[in-house]
Structures are given as C-alpha cells and as structure tokens.
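These are the structures in question, set out in turn.
Two complexes, one shared chain (chain A), two partners (chain B, chain C).
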Partner chain A sequence: MKSRTRIPTTPLLMILPSFLLAMSIIGYPILDLAWTSMQEVSRFGKMMGFVGLVNFSEVFRDPLFYSSLVRTVIWTVAVVGGTLIISLPIAIMLNDDFYGRGLARVIVMLPWAISLTMTAVLWRWSLNGRAGLINATLMDFHIISEPIEWLATAPLAFTVEILVGILVSIPFTTTIFLGGLSSLPQDSYEAAVVDGAKPWELFRYITLPLMKPFINIAIVLNVIYVFNSLPIIWVMTEGGPANGTDILVTYLYKLAFRFGQLGKASAISLIMFSVLFVFTIAYVLMVMRQEHDSADEEVKHDA
Partner chain B sequence: MTPKLKKSLLYWLLLSPLCVVILLPFGIMFVTALRPRDELFVYPPTWTFSEFRWENFAEMWVKTNFGGALLNSLYVSLTSTIIAIALSIPAAYALSRYRFSGKGLYRNFLLMTQMMSPIVLVLGLFRLMVHLNLVNSLNSLVVTYVAFNMAFTIWMLQSYFNTIPRELEEASWIDGATGFTSLVKIFLPLAIPAMVVTAIFTFINSWNEFVLALTLIRSQNDYTLPVQIFSQVAGRYQVEWHHVMAATVLATVPVAIVFSWLQRYLIRGMALGAVK
Partner chain C sequence: MTFSIRKAMAASALAVGMAWAGSPAYAKTQVNFTVAEYSSKTGPYFEEVAAAFEKENPDIHINIQVVPWDTLLQRLTTDIAGGQAPDISIIGTRWLVDFASQGIAEPVDSYLTPEFKSTFIDTFMAPSVIDGKTMGLPVAASARAMLVNTDLLDKAGAKAPANWDEFYTTAEKLKAVPDTFAFGLQGKEIETDAYFYYSLWTHGGDILKGDGTSGLDTPEALQAVTLYKKMIDEGLTQPSPTNYTREDVFNLFKQGKVGMVFTFPMLIPQIKAEAPNLKYKVLPFPEGKAKATYGVTDTLMLFSSSQVKKEAWKFIEFAYKDEWRTKFDHGEGFLPVTKNVAAEKYYSSDPDIAGFAAGLPYAKFAPTIANWEEIADTTVRALQQIYLGQAKPDEALKAAAADINKIRSK
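Right after this comes the complex of A and B.
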C-alpha cells in the first residue's frame, strides 16, 4: 500500500463521526456504570451518596450471584463446547462437494436468520408440556409414553436451553470454519494421499493443526456471544422456576429492571464487563497476530 | 452407485438429525398458526387438525396490534441502517485508502466495540437515555443500533472497498477530478453492491434485536416486533398460541428468505475482513 501525501487530517475527520458515536453510546455507559456501582441508589435511580465498594461486597455475599455465576460457566462451556464439536464435522461436509449441498447450507444456516427471541418463542411453544408437538412427535415414535413437562423443572429446562443455545450457535461457527477450510492448501492433502495417509490421519495431522487459528477465534467469539446471551433463557423460562435457570445476564436484568437494585446491578455489570474485556483483548490479539501472519505470507509471495 | 452419490447419501444421513431439529419448530409454527383455537390444547397432543384457519392471521393482525409493531420495527431498522451506512462509508474509506497514525488503534477500537454487548451496558444505556429524555422514543433504539452495528458495517465495507482497484480513482485525479468528485462519481457507484449487502445485514440485525428494545421502550404502542410477540407470551395467564405463531410466521419468514439468499455474501465479507 503506497501512502498518499494529503492533508493528514482528512482521514481523521472521516472516522470522527463514527468514533464519537461509539464513544458516547458504548464508552459513556461504562463510565456511568462504574460511577453508579459506587453509589447508594434508590429504587427510582436517585443517587443517595458515595458508598465505595459496598455494592460489590453485597454482590459477593449474595448466594444467588454465585449460583448464577456457576450456571453461567456451565452454560458458556457447554454451549461453546457442544457447538464446536458439532460445527467442525458439519463444516468439513459442507466444504466437500455432494448432491444437495446448497440446500444443506441453507438449512444449517437457517437459525442465524431468525432472531433469538423468535427461536426461543418457537421452542417454548414446541416444548409445552400439555400441548407441545415435541411431546406429540416423541409419543408418535413411542420414545416416551407420557408428555414431559420440559420447562417446569430447572435442571431439565436448563439442559434444553443449552441445546437450543448450541443449535443457534452452529451457523456462525460453521461459517468461520468454512472460511478456514477454503483457505487450506490442497497440495499438502495431495502429498499426504500419495504417501498413503488415511482420511482420519488427514484430519488429525493436516486439517486440525491448520484449522487451529480458526478454532481459537471461534472459541473466543462464541464465549463472548454466549456469555452475553439473554433472549433464549429470558424468553423460555425468565430464569425460573425459582431462579433455577438464572445466569448472570438474566439475574442482572432482574436486579436492574424488576427489583430496582440499581447499585448492585451496576456492580454485576462491571464485573461482567471485566470478564468480557479480558476475552475481547484475547480476540484483538488473535486477529492482530493473524493479520501479521498473512502479511508475512504476502511478503513471501512477493519475493 | 457412483462414489459421489454414495458420499452424498452418507452426508445427508449424518446431517439429517440436525436438519430435523432445525426444521421441526418451523413445522410446529406453521401447523399451530393454521389450526382452530379449540384444537390447540388437545390431549394427547397431535400434529393433525381439522381445517386450515387462514383467518387466524387476520384476527392476529388486529388483536396483537401487529401492524403498529411492524411499522415501529420498519422505522427503527430502516433509519438505523441508513445512518449506520452513512457514517460508515467515510470511516471505511479512510481505513481502506489512507495511511494515518492511529489507524491500527482505531481498528482495534472497532473490534472492541463490536464485542461489547448491549446487555452488559443496558443499565448505563437506560440511564443515558433517561438523561437525554429519549426513553420510550424509537429514536433511542435508532441511536443505539447505529452505534452497536457500526463496527460490523465499517469492517464489512472496508473489506469490500479494499477489493476496488484504486487505479480507477487515480485515473480520475489525473483527469482533474478532485478527491471528493472522484469519490462520489467513481468510487461509490462501484461500491453500491457492497453497501446494499452490508445494509441488508444491518437491517436484519436491527430487526431482530431484543434486549434494548425490551428495555428502552416502555409503552405498548412503541414496541418493535420481537418485543410485541414476546409480550404476547410472557407473564400471561392465557397465551393465544395460534396468534403468537401466526405473528412469528409473518415476522420471520420474509427475513429468513432474504438472509438465506444473501448468506454467501456475509460469508465472503467475513472471510475478507473480520475473520481473516
């Protein structure tokens, strides 16, 4: 890329509007949350004075915070792990040429096109204990003999929500993997096949190592998205029954907008923000390293 | 049997459980939207029903104020898409064509804003909108959607802008065009496909957004579609599921068709930009 000598302020003026908007809509609320988290706040949002870290110590003494935290970890690990295990073979199949591949791609990507809210509404009705057609289908195939109340008990409801979470994360993850697979060098495969490598060995010793950067990015991005995901749990069970499916985001939302405990809610927001920040930095570093690598490659090609 | 046919059968066999799980709720959506109300709760539950009740859609339209929510969603999604694209074009152009100090920093800043989710900031945003007196105004959603989508739009546009040869602009400078005219007359027409694709995805993002719409809009008349449909389900003693499903059909099917048609551009844009 050749540099043009023009007035250097032009590009800065061009990025300025977007920068200012991002700072005021995304940057300012973070400062406001930090400020609020150290205040005593009334139900109606009135600041009652500086209290230091009282809100934080209240959060750390709250058993519901810990149970939500544990569930957040389970939710994130289970959804991200399940998504990765299912998405990689799917991406490998969709990257290969077979009859009906176009249709298969459209079906696999479909959950991405529908808002999480709508998907959750659909599943809430499909899983209805009395009239849900999931029960009808399972009964038709004699897998169960009586309708199951899927969303009435916390452990079962949470398991179902994790499965729905996996389902809606597959399209995005598969897309990342497809991007990675299409960039793999074909000649290493041909060389390995000539040497008599079996399909499993090709996967284990060529595909997997070369896909590692894409798998890493998929992990980090999915952790960020899943950790923050409210709609599925909120629409299907609203964190209930008896807070049994609450994760941090649903608990935070209840504290802020149902119970009016704004100080405590700000403290949780800030704790979540710090976690998110660590993962975001990890992501930015990964992207930078990859750009660095591909820049190196370009140099090699030029030489 | 040819090897390709054999492989295709094997792949479809492996993919079929996932396809069934993906398609099942949509099947349930259609058969619920079309059945008579008194056949919703029959025991044992069954897929079959006595007649196709197309009137469900008309009833639902009136009872759930679908038209109002549809207009709200259209207003918010269209306005925020237009503003997001308008603000992103110069930024993406600067990132694609200029070399300036702070460029790398700005790109990382964008990546980080993209990772910030509305839910973590929702309380701060709510308080901000209270200060600005924008709570209950659809414009509060417009402003926030623009901000949260901008990293994506700038990134997508920039990756497409990079593929437009700069020689075309350079030629027009030689012919005496100023930077601005060459931008408007030469560059932007070439970038229209990229802008349309990016705009459609921004539109879909805004169309589907839930958390902010749930929080910042308090009066029923200003609900967007996802919140309107959610409000038909949540906290109600009796849910009119046939209406909810009819509303879901209308709210999702058009978007799903457009998305399926355009998804390869999204994959391409991501491969060019964000992920690579």
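Right after this comes the complex of A and C.
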C-alpha cells in the first residue's frame, strides 16, 4: 500500500510555505469570526466574555432571520438564474462577427466599470416616484398615466432590486461565457453543419454541452457574489419598508453597525459562510460526479 | 542591477526620512478630533478654529477628521474596536448613553470650571448628564417646527392651522389645488419615527411611559398614527409615503408641490439658496392635548482612552468662545447652545429662526436610553406596516411596544 502511493515529499514541502501563508490569510478571519460569535461583544467591539452558543440561539429565535434567509434564497436564485438566461444569448451574439462588435462588447461591459454603490444610487434616483427618470419617460410615452412609486412597497421594490442585480451581474457572466465560446472547437460545428444540423440543434447539442464547465463556474462565482451582495439593496431601500427587502447581509449590517450587536452579527456571518461553503462543496461534488458519469458512459460507448 | 536597487533603496530611505522630518508628528502633541459633517461648511469651519488654536498653542496639533452623519456611528464603532479611537468626537446625544455605559466616554466634571459651565443653556446641558455625571458638552441644537407654503394656502383659501382639527380641514382644502399635495409625510429611512413623534407628543403621548415601558401601546399613540393613516388613505398626503425620505419630502416642499411639512431649521438656508421665491412661514406644530416640539442635540464627547485629555480640553474651551459659536450656529442654521449667542438679536428678530426657537420652552428630547437605534428601528417598522396597510394600527403598535419592552428588558 505504502509503496504503491508513495507521496512525493519534496514538491509538497516546497508548496508548504505559500500554503501556510494562504491558509493564515484565509483562515485567520474565519477563526476570529467564529471566536467573536461565541463572545458577548460590547457595542464597540470589546469582548465581554465567552457565552458559548447564546448568540446562535438568539439568531435562531429571531423571526427576521428566517424571513431574511428565505429572501436571500429568492434573491440569489432569481439574480443568478436571470443573469445566466440573459448572458448566454448575449455572449453568443457577441461571439458572432458583425460590424461594430467591439463597440457592442464595450457597451455590455460598461456597467462593470461603475461601482455597485454608484449604480444603486443612480437607480434609486431614476426610480424616484415624482422626480425619477423612469416614471417621466413612461409617462411621456403614455405607457402609464400616474407615476409608479417603485420602492414604496416591498414586493415591487424587491423585484426592481433583483432586476438591477441581474443587470450588474451580466458583464462578468458574459465575459466568462465569451471566453468559453471562443475556446470551443470550430470543427464540431462544421461537421454538424455538413450533417444538416439546424442552428437550434447546434446550440442544444454542441454549444450547451461544451459550455457546461463555464456555466458551472459562472453559477458558483455568481452565487457567492450575489449571496453576499450588500450595496444594491442597502442603497435603494436599506432592507425596508418594514424589513420587506432585507436579505441576510443587509440584516447583518444593520445588526452590527446600527444596533451594535456585533456578537449576533458574527453568528449570522458565520452561518452565511457555512451556507456558501456547503453549497460550493456540494455543487462541485455534483459537477464532478456528473463528469465522471458521462466519462464512464463514453467509455461504455467506445466499448 | 544591484546598483539600481541600492540606489532605489537609498532614495526611498531618504524620502521616508524627509517625510518624518517634515511631519508635524515630530514634536507636537496630537489631538484627534472626529467631526460630524452637518453641511459642506462644517469641515472648513473646524479647520479654521483649529488653525486659530494652533497659532496660540504652537505645541498642539489638531487633526480634524470629517465624517458624514450616515457613517459616523459605524466609523466610531470600528475605530474603538480597533483601538484607534479619536480623542474628541461629535456624536448624537442619543448614542451617549451607550458610550457612557461602556466606559468609552470620559466624565468631564473635573475639567468643567464653573465659569465655563455657566456659558451653556441648562436645557441643552441636561441630556448629557447621565447618573449625575456630565458625559459631554452640547455642541449643536435644533428644534423642529411646521413649515407651510403660504401661496398654496392662499390659493386653497385656507388658513394656517393651529391645532390638529384645523390641520385636517386645511389639508382637505389644500387637496383641491391641482398638482400639489396637502401634507408631506415621511415614511422612509432616518427619522421616520421622529415624524411620528411630532404627532405622538402633541396628542399627549410619549416615547416612554412613566414606568419606562414603551408608550406606543397608549390610546394617544393610536390616535396619532390613525390620523396619519387616515390622511394617507384620503389622499391628503403625497402617495406612498414609504417611498419618501426626509429629503424627498423637503424637496417636494422646495418645489412648491406640498402645502405643509414638519422640518428642522437647516431647511431654511436650503430654501433660500434653492427656492428663493418660495413663500413660507414657520409655525409651531399643530396642538392636540399638548404643545410640543422635538429638541435634538449633539454632544461633544471626550474619550476615556485619550492620552492627551488636557490638551483636548484646552481646544474644547477655545472652540466654545463666543465668536466661534456665533459663526458655527449661523453657518449651519442651528439654535444656540450658549447663553451669550442666544442673547443675540438675530435669534429674536429673524422670523424663521425665532419660529423654531419659540418651541424650546416645551421641547421634548429623545430619551437617553440604551439601544436607542434598535428601538427607533422597531418603531419605524411598525409605522411602515401601518402606512402600507399591512397591519392594523393598534396591532402593529402593540407588537412594537412589546418588542421595545423586550429590548429594554422591562
């Protein structure tokens, strides 16, 4: 057994210093967070003593935590799903050669260059009921007769925030997809066209399967970013009205910096970290198993 | 190669050395002062005070850090947690109890000479006294009042209201004027609760009852909120108040689109600059069972962790000289906190400022209690639920009162 899988020690030893450095940079904040979450923390961040899991039990008894959790799931699924559905066709269009493609690519990427907070501030102004650009435009075109108060009620405000979330996630996702598309082998397409495949079939049976790894990356990274994203909701509604648009991260921000409950906020933060950690591991495992299965299948076919 | 590296290192060493020599950190005592930004004038004003002070005291250097109000508490929280607390800071008096109970604020009684103490107006000194100890000095004060657009009132043929019944009938008349709203009601973000307290206090209620429990479950509170809700439902306010912050409501007023708002004195300089043709009048809040206004003070606090308390205090005494206080209060549109400035003719002759100052004898202050921000947020949540029609007024208020009592452990 030992002789069969002899571990090469020298390369591992050479990796060790940078591995330790990376782990201390990544690991220390998490350990510190875990430590803080089990302390009674004063309003100004002073540790007042070990309290075990009191902060966690307080979080789990808080109805606002659960409603924020549900909303976080809706927010993440809707934003990531919407982004993927819109980004893939955009990437395919931008991958085709057409006059002015460079310009079109720049335009799609532009929102990325603006800070998320600035984008959110801009939308907040545009969506203002009386002075906003959106209502003014819609009324000029006689689409609506009365101004709509976009951010006055939670369901409408949350929908609008999801749409803005999708908009700002598109550039990043499109970039991943464009990279993927340009690396696809052209000969598969040529062969399929010779065999008489229609454009939809090309997309369904060649593009989509070959793009799978890129779609997976886009899903994992977007879920992590969107799940943790504070600025859009915070700037537009601060989680209001009546906590109706609070997601975990806005709720946690409020707890930590408005109410000074740093212990409870650390507990929520740690819970969020575990959720993301479990999701990422589970997703990566699932993807790996799928690839493994399809590889097996190919072997069988070959046989 | 080696030569160029050595040269670069020598150059950077020289640069560091020069920066060190040129830095005022070298011999002077450093006093760090965090200033809350009231307006664009705040930073330059305090820089000017500091420069004048340093001229008289060349051995002390004042480092001014201007921080916007919205992030001030978060900034101080992280500074304190990181052991980087300033020596003095302007804070909202409503936070003082948290600072004091954590031992972060330094009691200033031993520094406060009787002469210096006597310069302050007692009403404004009182909120900074916690358990018999003076934990800070009042630095800014304002009282709230009602502003009416007199042009709109004339158009509607209505007169300025003195009590809530008149307020309601005036609103009904104002509603008839096209393209305008009768009453600007705030329903979003900071001070949404204050807009309700105006009504609560004048209806005879209070934030806390005598026994320290929440006053939201009283008939007065219900009456106060029901009136607002009724006005929303009858179209006497702008539609969907939960989309309107304090600034949004004030903007409507500046545009001449709303007849009556409740506001602070700092709106007056804004109106003069942005809407000079607007005809308005400053009036007391409509009376119900009681006369009331909201008095708000900010506090200048000395940190217990400071190593340079003596020098910091020297600067504080300097900054409270009449000439500086006059400049500050006039510039920012505040009411004076010192007797000498209050005695100026300006505060009785200027109709706008006098209108706001008139409320001071019966001004109510936010109670100095722990966890104030959380209590305010609970109140705002209940109000928004009521304004949106998500909850019945009495149920929402009772639930909020129960939550607040839990926060206060009463």
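Please note the rule applied: the second predicted complex is superposed on the first by the 250 of 303 C-alpha atoms of A that agree within 3 Å, B and C clash if a C-alpha of one lies under 4 Å from a C-alpha of the other, contacts with A are read in each partner's own complex, and residues count from 1 in each chain.
As a working rule, a contact is a pair of C-beta atoms (placed from the backbone, for glycine too) under 8 Å apart; a residue touches a chain by one contact, two chains touch by 3 or more.
Owing to the predicted nature of the structure, the values given are computational and were not obtained by experimental measurement.
Q: With both complexes superposed on chain A, which partner does A:131 reach: first (chain B), second (chain C), both or neither?
A: A:131 contacts both chain B and chain C.
Q: Given the touch rule stated above, what does A:100 touch, chain B (first), chain C (second), both, or neither?
A: In the superposition, A:100 contacts chain B only.
Q: Of chain B and chain C, which one touches more of chain A's residues?
A: Looking at chain B versus chain C, the one contacting more residues of chain A is B.
Q: If you stack the two complexes on chain A, which partner ends up touching A:167: first (chain B), second (chain C), both, or neither?
A: The first partner, chain B, only.
Q: Kindly classify A:238 by the partners it touches after superposition: chain B alone (first), chain C alone (second), both, or neither?
A: Both: A:238 reaches chain B and chain C.
Q: Pick one for A:283: touches chain B only (first), chain C only (second), both, or neither.
A: After superposition on chain A, A:283 lies in contact with chain B alone.
Q: Look at A:116 in the shared chain and tell me whether it touches chain B only, chain C only, both, or neither; answer first, second, both or neither.
A: first
Q: Mind working out whether A:11 is in touch with chain B, chain C, both or neither, as first, second, both or neither?
A: first
Q: Who does A:257 touch here: chain B (first), chain C (second), both, or neither?
A: both
Q: May I ask you to decide whether A:186 touches chain B, chain C, both, or neither, giving the answer as first, second, both or neither?
A: In the superposition, A:186 touches no partner, neither chain B nor chain C.
Q: By the touch definition above, which chain A residues appear in both interfaces, chain B in one complex and chain C in the other?
A: 45, 128, 130-131, 238, 257, 262.
Q: List the residues on chain A that touch chain C in their complex, please.
A: 42-46, 128-131, 149-154, 237-238, 240-243, 254, 257-262
Q: Contact residues on chain C for chain A in the complex?
A: Residues in contact with chain A: 73-74, 76-78, 80-82, 98-99, 102, 104, 187-189, 238-244, 248, 251-252, 257, 371, 373-374, 377, 380-382, 384-385, 387-388, 390.
Q: Hey, which residues of chain A end up touching chain B in the complex?
A: 1, 3-4, 6, 8, 10-15, 17-19, 21-22, 24-26, 28-33, 36, 45, 86, 89-90, 93, 96-100, 104-119, 121-126, 128, 130-137, 139-140, 147, 167, 170, 175-176, 178-180, 182-183, 214, 217, 224-225, 228, 230-231, 235, 238, 249, 252-253, 256-257, 262, 265-266, 269, 272-273, 276, 279-280, 283-284, 287-288, 290, 294
Q: Can you list the chain B residues touching chain A in their complex?
A: Where chain B meets chain A, its residues are 4-5, 7-8, 11-12, 14-15, 18-19, 21-29, 31-32, 40-47, 87-88, 90-91, 93-95, 97-103, 106, 108-113, 115-117, 119-128, 130, 143-144, 146-148, 150-151, 154, 179, 204, 207-211, 215, 226, 229-230, 233-234, 241, 244-245, 248, 251-252, 255-256, 259-260, 263, 266-267, 270-271, 274-276.
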